[in-house]
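Naming follows writing order (A, B, C and D), and every chain is counted from residue 1.
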């Protein structure tokens, strides 16, 4: 029986409110509080949206891998749904990070794409790999097998991310002064506050969207179960090909 | 031989393919040395049941155990004691019959494999063509070879999916000592032949859409009852 | 801030617009889902009504 | 009753490997296709680039792109024979450790890739390569081929194991394998660049280290995850 305890949307409202407040505040901080950076001028403001998007993307992929391991160990489909959602949303954030990164490259160096910016190049490669997640899931019909193979993919890809970063970094000549150090450690204090609040805001946004996605998938599954129990004829739904995890309603 | 411990136990066994339940809550107990014959129309779940018992498919729900080992958790323990004969021969077309059998003998760790293989090929009248590549074999020869493969490692439990399909009467006689009741092995047989199947059964299971709608001692069952399953 | 915009404002605006656009797409997706949930719930409610009233499908199904 | 003892990982792997090599000897499709692909690719590169001889980064790129795409052919064929008459079930029914299958399949692929890699490198030096590598440079190239092929074989077997159960097997193989192999290709192309240039270029330690790291990490991953792909 579904209980209110197991709902995916638990605390969703709280996250949504927190996201709205923190994200608005962080953008305000980025524009009105953080000073104009000396070397890059105003275009450095892109930093406050691009880098948090990038970091949260990686976080999403890594959590996708962790939930993948948990799925493989437990066989609990809730972990599969979490892994799927984290990777799916990570991919969307990754698109955001790539586009904002490209715009920043244009603003800072006059070109839409620079091959000697290793972080950006690594992101492109990681993006290409994770793009295959959906096609992979879609091409496996049996839901149990789909979940298992997707989990294997999530783990392999999660490990691939750091290896890829090392390889691309080693291959880059590193000629650009890196004000954009992703750690934020070398930033002046006022920039750092703006950066960290933006990071927090984007993280909250990611969690909110993931929870929303899972709650939405769950409610669809509940609706389907309700429909089945109301229309006594057959409790066997037609086989549907889909990349999304299927949620069993007991 | 007065071992009363059951060889095959299923309780509430469910196997799902997606939302579809290929097996829907099967309960059965089969004693050692006995023969269970499974009847049912195509798609009723016979093959799925055999594949679950052969550890090729994991149960989705409920449990199945073979010779006292739970298949979900310790399937590896009983693999060496299972002989499985499916629709496919599980042999490679570009290998000869001898090579195929010797490959499976190595995987099963059979001792003195050469002698065992020769004995089996003799029994099934395949010795003369044992060095030919398998892709040139007729369906009947392939089926005999598949039977040799299934009993190669002297399994205690045989899982046979329509074992006599494609075999002529002479060949059925040849394989009788290997897969027949005389060998004293516990057997689970999927069959489409009501009379023949019933004759060798101790226990009869009738499946339809994955559900057990008939489970009786063979003595209590008539061929008409089995024919009813296919209606 | 001065009256003249700093250089590269367009690119900064574009970057934040990309972000906004992705969020707005989300709103579209949410809108589609909300509409579908409403429709399906209405359908199910009709079915539940039919059941409770002893099943007279002809009268209620046109709703 | 049964005179059988479950085989060790090694003896099971040897049985599978022997079977694989026999199958390829009987019907040498995979190796032939891979080798022919390489030869045709070199001819195409000659015309597409409009050059009779290439060197340095370009030579390194042409060689390794060709070998990678040839490897995709091998990866795609890896489990095909096992699908046809249920050979994979035959393995799964046996009390042999599942990792034996990974070891045997990866070794088979590794052997194929080595043969094709060395053949292709020789052909490449005849057809397209400008500078003539010295003996020690040849040794370094051979070492690179070994390290890179090991990584490709491990990742390739993992991908082949995933792809075999999917509907669009060929598509999944390529789109999964290419991005996963990028770090390996970065390392191996950068490492072979000086070896294929004019002058006495040598191997750089960090690329070897990166190749070794890649092989190690994906070897461990494949070992840890392969069971989940074949079990059901």
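A few comments on the model shown:
By definition in this document, contacts are C-beta pairs under 8 Å (C-beta built on N, C-alpha and C of every residue); 3 or more make two chains touch, one makes a residue touch a chain.
What you see is a predicted model, and the numbers here were worked out from it, not measured in a lab.
Chain centres here are C-alpha means, and the one lying farthest from subunit A is B.
Comparing the chain pairs A-D and A-C, the larger number of C-beta pairs in contact belongs to A-D. Per-chain Cα centroids separate subunit A from subunit D by 32 Å.
Separation between the centroids of subunit B and subunit C, computed from CA atoms only, is 54 Å. Averaging C-alpha coordinates per chain places the centre of subunit A 21 Å away from that of subunit C. One simple way to say how far apart two chains are is to compare their mean CA positions; for subunit A and subunit B this gives 48 Å. Residue numbers of subunit C whose C-beta contacts span two or more other chains: none are found. Counting partner chains per residue, subunit D shows two or more touched chains at residues 232.
All chain pairs in contact, by the document's touch criterion: A-B, A-C, A-D, B-D. Note for the complex: subunit D touches subunit B at residues 1-7, 11-12, 14-16, 18-19, 22-23, 26-27, 81, 84-87, 89-96, 231-232.
The touching residues of subunit B, counted against subunit A in their complex, run 16-21, 60. For subunit A in complex with subunit C, the touching residues are 27, 36, 41-43, 45-46, 49-50, 53, 92, 95-96, 99-100, 103-104, 106-107, 209, 212, 216, 219-220, 223, 226-227, 230-231. Taken in their complex, subunit C has these residues touching subunit A: 6-9, 11-12, 14-16, 18-19, 22, 26, 30, 33, 37, 40-41, 43-44, 47-48, 51. Against subunit D, the residues of subunit A that register as touching in their complex are 72, 125, 128-129, 131-132, 135-136, 139-141, 145, 148-149, 151-153, 155-156, 159-160, 163-164, 166-168, 170-171.
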